[in-house]
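Going by the order they are written in, the chains are A, B, C, D and E; count residues from 1 in each one.
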Amino acid sequence: MTRQRVAAAFALVGLGLLSWGSYLGLWVAPPDRYMGDVQRIMYVHVPTAWLALVVFTLAFVYALLFLIRRTWRWDALHEATLEIGVLYTALLCIQGALWGKPTWGVYWAWDPRLTTVAVMLLSFAGILSLRHFLDDPLRRASWSATATILASANVPVVYYSVRWWNSLHQLQSTPKTVNSAMVEPLRINAFGLLALTIALIMIRSWIAEARRRRDLAPPLPEIEA
Amino acid sequence: MNLQPIIRADGLCRRQGLRWVLVHLNFELQTGESLLLAGGNGAGKSTLLRLLSTLTPPSQGELELFGTSVKVNRRPQRNRIGLLGHTNQLYPELTPSDHLQLWSRLAGMELPKGLLDRVELADRAHDPARTFSAGMCKRLALARLMLLNPDLILLDEPFGQLDAQGVSLMQEAVEGWRDQGKTVVLATHLIERGKPLCDRALLLAHGRLKWTGPAAELSASMVAGADS
Amino acid sequence: MMALLHKEFLLAWRGRARVAASLTFAAATLLMFSFSAGADGRLLQRLAPGFLWLAILLASTLTLQASFDAETQDGALDGLILSASAASIFYAKALTNWLFLAALGFVLLPLIAALFDAQLGALDRLMSVLLLGTAGLAAPGTLYAALAGRSRAAGLMLPLLYFPLVIPALVSSVKASELAFFGDPMNQWGGWMSLLLAFCLIFWSLCGALSTAILEDG
Amino acid sequence: MMALLHKEFLLAWRGRARVAASLTFAAATLLMFSFSAGADGRLLQRLAPGFLWLAILLASTLTLQASFDAETQDGALDGLILSASAASIFYAKALTNWLFLAALGFVLLPLIAALFDAQLGALDRLMSVLLLGTAGLAAPGTLYAALAGRSRAAGLMLPLLYFPLVIPALVSSVKASELAFFGDPMNQWGGWMSLLLAFCLIFWSLCGALSTAILEDG
Amino acid sequence: MNLQPIIRADGLCRRQGLRWVLVHLNFELQTGESLLLAGGNGAGKSTLLRLLSTLTPPSQGELELFGTSVKVNRRPQRNRIGLLGHTNQLYPELTPSDHLQLWSRLAGMELPKGLLDRVELADRAHDPARTFSAGMCKRLALARLMLLNPDLILLDEPFGQLDAQGVSLMQEAVEGWRDQGKTVVLATHLIERGKPLCDRALLLAHGRLKWTGPAAELSASMVAGADS
């Protein structure tokens, strides 16, 4: 019971902070000098980006822990972080594309950060789909953990190589010093999303664990001679 | 020969997909004993043999082979196990002599002469395995076990697809292993053929252990009755 | 390990018709690329290094898959796992795949030169890019082929996992080949090669370590 | 024929995860293309139609092969051949593959538009190119998949035979898509479409006729 | 019942790869007769059955089924032939009820009730075939033949992988077909099981016809002796 309370508390705090931050971002903060109101997407975009990275980092950690410890808890958390991470990166790409159209004039640019996000999305979506095609729970857990480790090890290399690949075609404006009226909603939203993410990971990993328990604990322990 | 159990299953369970295929198996097998696995279609014989080969891990419960749990490092156990399952573990493009060479090199042993003669494949030694008939593939797979001579030998329907000569070859091989003190586990529906080769029998039905005892006491009616 | 390597070469030799076929396949892909890029000669020339690597990448998915098909078709892998360590199985296969892909690359070079009218600028450089780049493809590719070959949708899973993973290797190979093809005024070739080398080192060791989890479990 | 169609849809439905995976695969190929072509946005935009069709082509090899894998794995095709005519087996499979490929194309369109900043100029035209072009791929592809699936090196044989054959379909689809994407000042779209239509008509009838030779003999 | 031969082989030869697998076979089988194919491993039984199923064409010689040569249009013949070979002809992803539906639709017939009950797969009617054990797949393949009820039924090692119940199911099926005047050709190494089900026997060795006569006269020693 207490676990559920903690998750609910995190979810409530997260939602509360998110709505407060979004209120500040949408109505209180001043519009951007160059981009105008469109720039307000930033208040969700940047927290989504940060959290996506955090969640994938966690996925890597959980995958490693599973391979070392071989306990199902880490697999449940691994599954949860994989799925939430893929969700966030997908959202990130959609938000970014919606923002990119008015600011850059294109939905997508082959800029290192964006490209890395796309590669991450594909890599981890592939791992989710791999999990789907493996019936045996142990195989699923250890093979997908392997794939997660490989994919995570790859992300920095991708970033580095794409940045270099593309060094001549910088499209993105360098992050300008954001004015303090903008910092506050950003920070609030980031913490809100963090709390919500913690709640989501908890809940999703319970689901995974419950499924595994349903799948794995013998429902028929009739002891016979 | 020591009397340490070579196989010890304690609450052994295995789940495949959504189904519990093996449920709470408890049994032991001493080194040098040979075991007959009986049971109807879908009873779980093949699944149990794969568990014993360490190729699939138990979903629950404990399985010890050669005195150590299969959850620990399986490499040393694996070198002592030979499996002849539903598949023959052959490379379609390789010839019998390629296969024998590969297996003996992998095991780091000399290739004994006349092995292909024994399984009556000598005249086809240089044809790729994909051109072989079902029984010829099985014979080649048998040659592998004869070559490697592992300590624990797992046979899934060893008499299937073999002609009369092949069957007696298989029977001789099993008897030879028993004489050498090897442990043989044999799953078959032809229990009349299996009984003389085994000391003990284990009857499975729907993944549960229904009966275990001396092989000679197992009868066809018991197998037929176990399912219902 | 030697026994395993010997087996891989034997398999390749017995299936040499397949080897020839994959060469033809790579050539066919090159042809398709040039058709879908249009008939502009200058453009084609510029795209030649990229197409070379794409053709190698696509051919590699097929050969990687074929190399595990032979193992899973009649359960031969089961027998191998019982008698050899996962790492040695993995390295034997990865090494053979690497050699094969590198050879494929060498054979494609003159073809590329002819089809796309690309001057094979610095041949020694091209050779080393090919060697290193195919090494970068072989290690993760072999690991994922082992994994995909035993999941339910083998043909699909392999490229799905493998493509995103080898992007750095692909990008740096393409770049390094471009510099070798068209000259290297800013002396960046060494940088790309180091990146490629780093990728190879990371993944040859990482994949070897992880092969245990994939070949021994389940 | 209805029974066969029903079976194909059932197989697709039971393997729907595979369908989703092949979509991801196509997206991954698009990414790979842009990596090997370089980061130049203008260039990428120009190559977008070609990439669209290449991605469809590559995804089609995988799905075609998978569709015959299910048949040959346990000899199910033997049973079919005994109880249905070769032509009906062929057309049921070709039709399902066509629908699948067309659906794949429709899903890729917005992706292409976003990734390569290509305006989806004349959407109706694009749709009809997709429909006709994938039809041109499906018929010969299915026939060759049947042939390759029963030869020894299935994975390699299919693209080897199939790629060269569909070059006309590919070229005219790419051209027609280019005109639909970027405008058609010289009114050539109709010409390419007629070529495509002719190709489809020829190959849907020819392959149907030849399917007897491939499925019934041997 | 007419006395036209349902199978007539005249100098029938088949070459696989570089090898003549069947050499100059001459035999006839009357409608309603059932034939036991015996022979050692690699004798050519499976190859002959595939020839009889029209799935592989003869390399030389003449084969007539239902009175017409297999070189002419095979479509009408094919609808009357059922083959249960080394493969079970199943789709791994489809369930038994999917399979039955497909087969009955293809044949344009009603799906009789209780078929899955007869092969004891009713409780697994909605599991995909890939999760089935070897014997369960074989049972499903048998259900296909029971459903289609073709005029010429070709069985390759029908007793393999089946448990005792499965074997008697198969025996009953064959007897049922014989009572209906269907023709059954059955290749097996378990000749004691095959003999009671067949009228005539045909002994192959290295692709040649060694002996043909009433099934009851075939003995294990004849089969063993034929090879050498």
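Quick note on the criterion: a residue touches a chain if its C-beta (ideal position, glycine included) is under 8 Å from a C-beta of that chain, and two chains touch if they have at least 3 such contacts.
What you are looking at is a predicted structure, and each value in this text was computed from that prediction instead of being measured.
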The chains touching both chain A and chain C are B, D
Of all the other chains, whose mean CA position lies farthest from chain A? E
What's the farthest chain from chain D if centres are computed as the mean of the Cα atoms? B
More Cb-Cb contact pairs, comparing D-E against A-B, go to D-E
Calculate how many whole Å lie between the centre of chain A and the centre of chain E, each centre taken as the average of the chain's C-alpha atoms. 58
Quick check: how many Å separate the C-alpha centres of chain C and chain E? 46
How many Å are there between the centre of chain C and the centre of chain D, using C-alpha atoms for each centre? 25
Euclidean distance of C-alpha centroids - chain A vs chain D, Å: 34
Of all residues in chain D, which are in touch with two or more distinct other chains? 15, 17, 21, 24, 28, 31, 35, 152
Two or more other chains in contact with one residue: find those residues in chain E. 86
For chain A, what residues touch not just one other chain but two or more? 119, 122, 126, 129, 133, 135-136, 138, 165
Can you identify all of the chain pairs that touch? A-B, A-C, A-D, B-C, B-E, C-D, D-E
Complex contact set, residues of chain C against chain A: 140, 143-144, 147, 151-153, 157, 160-161, 163-165, 167-168, 171-172, 175, 191-192, 195, 198-199, 202-203, 206-207, 210, 213-214, 217-218
Considering only the defined contacts, which chain D positions touch chain E in the complex? 2-4, 6-7, 10-11, 14-15, 70-71, 73-76, 78-85, 216-218
What residues of chain A sit close enough to touch chain D in their complex? 97, 106-110, 118-119, 122, 125-126, 129, 132-133, 165-166, 168-169
Touching residues (chain side chain B, partner chain C) in the complex: 53-57, 74-75, 78-79, 81-83, 85-94, 98, 102-103, 105-107, 128-129, 137, 144, 148
Could you please specify the touching residues of chain A with respect to chain B in the complex? 135-138, 215-224
